Amino acid sequence: MRKNRIAFLSVISGPVLWWSLVLLVPYLIMFTLSFYTRKFPSHIPDLHFGNYAILLADPQYVVVFIRTIKVAFFVSITSFLLSFPLAYFLARKVRSKRIQLMLYVATIIPLWVSYLLRAYTWKTILGSEGVLNSFLIWTGIIKAPVSFFLYNQVAMIITMSYIFMPFMMMPIYASLEKIPDNLINASKDLGASRLTSFLRITLPLSMPGILAGFTFTFCMASGDFISPVLVGGPYSNMIANVVTSQFGLAMNWPLGSAISVILLAIVIIVISISDRFENTGRVNLG
Amino acid sequence: MHKKPFDFWNNAVALAAFCAFVFLYLPIVTLILFSFNSNNVTKLPLTGWTLDWYAKALTNSDLLTALWNSIIVAIATVFICLVIGVPTAFALDRFQFPGKNLFRRLVLLPITLPGIITGVSILSFFSMVNIPLSLWTVIVGHGTAFTAIVVTSLFARLQRFDRRLEEASADAGAQPWQTFLYITLPNIRTALIGSGLICFTLSFDEIPVTFFLTGRDNTLPMYIWSVVRRGITPEINAIGTIIIITSIVIIFFSILMINDDSNPKK
Amino acid sequence: MKEILEVRNLNKVFAGDITAAEDVSFSIQEGEFVTLLGPSGCGKTTTLRMISGFEYPDSGQVILDNRDVTNLAPYKRPVNMMFQDFALWPHMTVTRNIAYGLTISRIDKDTIQSEVSKALDLVDLKAKANSFPQDLSIGQKQRIALARAIIKKPRILLLDEPMSALDAKLRESMQTELRELQKSLGMTFIMVTHDQTEAMRMSDRIIVMRDGQIIQAGSPTDLYESPATPYVAEFLGQANVIDAVVENVGPRHCTAIAGKSVFTLQDIDAIKTQGQPIKLCVRPEKIIILNTDHAPKDDENLVEGTLINTSYSGNSMRYEVDIGCKESLIIDQQLTAAISAITVPLDGAAISCCIPPQAISVFANT
């Protein structure tokens, strides 16, 4: 239909232009840049895999990659352990719809509240002069402040779990909330214990949400550079920190781009894997 | 009344949920508490009530400049998000076109990707075409990063929107623009306001993209970042409390708006 | 009477090769109440939407008052629609919903006000003028939708499944009400429904559709008494469709055999030769159960069988009788003072009944 086509073009042309200019072209440039050669103070066009070779060969970078994946993984696990009971409680145990909605909103509000300030607060809590230490001294549990709360990977994982927990919580809640009560009642009716019903009915049906939560949390955590600086201490550099330094002080944009491309690749791989899982194991609750 | 027997699992779940909830709010409460504490080190026990940190924060001219910059950036970001996000959501909801799936994935990528990638890629682009960094480049970056929020919430609303309401309007003799103005807009209004508000608060707090795209002007989070990297000062608690309380209020309303179900599709 | 609408050879195929309309043609006279009847997916709604302008046909024409409106946008057509589930705007009050069509035409406020108040009077809902649609009952919503649809005095009012949201009781009273309103306004109505009872009750003429095609068009009695195909017979009301074989071909009467029974037939247009397989259609209420009061006349077909099931619905009794054919014979009997549920035979009893030849429609096997 002609009329339809005109309407379509007038709606789509602006967005297409914008998205090409701010997303597609920049990604392509970043990709191209990763094959350039660095030449102080800038870089020159080239086509070589030297930047990628450095990243794979230099143990300094390999360690960072492994650390990033490890930390992001532990952050996802911790967030899951914290989020699932909360989501389960809200979705399946709170009977009043009003209270349920209020608690849910209260849970996801921190998701949108200043990311920087939330990371910063953990620094004030965990520091050797911080809230936790002074609390323990005040109550007499310890005599002198201990320094092992802050500036290590555990502190980083706690902080990042805190920051990204709502990303885990939201999809899990959504999937638990839409399971009809009768699916679980039918299982109990047929003689399954509550634990069995949970393991064989509730858990499998909430799998898409859990998977989405892991994907979100993992991707977000793997690109964080704030928490490592604030609470991570000396051996906490993650991929994103290396990117900031390559684009900053080190002035090596081609190397920085190569790292970003790898980060982008990791994230896209994780998303595709979870998409694949979700599509094969998709349970349609209508 | 028959008293229920003690139920171990139910209580365990409730306890775990309670702990998670405390975990979510303890840091926020800490931040607020210490913004009113007179000690200049954030440690217990509390030493006394004061508003000094607020006075200090609100007379710090660097901080106020940064605050003003952030407000400008956030308003401009909301504008971009709506101008681009609304037609994008309409295109995704109402038209079939080749490459639609790819288009959707591309558009939604910035909210799934760490902000740092958006920052780096746009930085590369600007430097290649020799655009100097300024608040404008920050605005473009934020627009790119957050438009997807408007797209997803408006798309969800449009999916629930009963197209027959528009047909009924055309049937009554309304031109397409009249239908949009009188029927469509009132029904998607809350989704637009809600997602716009969220874009505002996110832009106001944004660090990863801003980090790469800002020139000499600091936004508020960049200012705070430069301060907290060096050490802790209760002044940050004070300004943080203001930001957090404001955000909580704004976000509370935007969530209510986005989830507004007064006009569900029947 | 004057022709108001003519639909010529409409064709419409949707994406995925779904044929919604195939060579659909009909015309409608001014003041008629016409129903498009068929199961879901038969193309009736698509046809209605092509008349209202929400779909454009791949080929064919829609002629309204001798003007070709085929490709005219909906807001330029002088027809209005009452939507399925009503499509009342949730952000407007009842008054603003009804006034909308006039408001956007920039008609002066006083006229709008008086028209709206007339419309509210017509549907008897003055009290709800300032309510929002969400706060109305389904019946009230329907009246508001009706008022909104007729406020611009359309040349034709289109009704898309207007009763589907109502419960059975309300539906019946609304059917009468809507029909009376149509008569008093003298307005042309085209209704789409899948409910055959509703179509029969309300319409001057019914157009039966299936798979995008018109199968038969005619008055309710035409369709019921002389269905064009067994499909129409079964779709409109209950029908027994019996497979039979022609035995004797005569000039005015033929005979056919089904199971153990021989049938004399009067409706013989479809019969060509001896041995031809045919289908016989009989309405359950036209079969007479024989008892002491009623002996078969000579020309009535006698059928004998075994009662296999009975079901009771208060004012009538339904019997299922095995007569040695693939399908059992369904017979409806009105219960009267003489025949009550208590005197009904038990399952397994032998049953004799007769079917008058003029009650049998004959169809060639396709």
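Letters A, B and C mark the chains in the order given here, with residues in each chain numbered from 1 onward.
We take it that a contact is a pair of C-beta atoms (placed from the backbone, for glycine too) under 8 Å apart; a residue touches a chain by one contact, two chains touch by 3 or more.
Here the structure is a predicted model, which is why all the values come from computation and not from measurement.
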Query: Ignoring chain B, which chains remain connected to each other?
result: A | C
Query: So which chain ends up closest to the centre of the protein, judged by Cα positions averaged per chain?
result: B
- prompt: Relative to chain C, which chain has the most distant C-alpha mean position?
  reply: A
Statement: chain B to chain C, mean C-alpha position gap in Å, rounds to 55
- request: Measure off the straight-line distance from the CA centroid of chain A to the CA centroid of chain C, and report it in whole Å.
  value: 59
Message: Using Cα averages as centroids, what's the distance between chain A and chain B in whole Å?
response: 16
Field: Touching two or more other chains - residue numbers and ranges from chain C
entry: 73
Statement: Counting only contacts in the complex, chain A reaches chain B at residues 4, 8, 11-12, 14-16, 18-19, 22-27, 29-30, 33, 82-83, 85-86, 88-90, 93, 103, 105-110, 112-118, 120-125, 127, 129-131, 133-135, 138, 162, 165-166, 194-195, 215-216, 219-220, 222-226, 229-230, 240, 243-244, 247, 253, 256-257, 260, 263-264, 267, 271
Query: Residues of chain B touching chain C in their complex?
result: 96, 162, 164-165, 167-176, 178, 182-183, 186-187, 262-263, 266
Statement: Within the complex, chain B is touched by chain C residues 15, 52-54, 73-76, 80-81, 83-85, 87-91, 100-101, 104-105, 134, 148-149, 152
Task: Report the residues of chain B in contact with chain A in the complex, numbered from low to high.
output: 9-10, 13-14, 16-17, 19-21, 23-28, 30-31, 34, 41-45, 83-84, 87-88, 90-91, 94-95, 97, 103, 106-107, 109-110, 112-117, 120-125, 127-128, 140, 143-144, 198, 201-202, 205, 207-208, 211-212, 221, 224-225, 228-229, 232, 236-237, 240, 243-244, 247-248, 251-252, 255-256
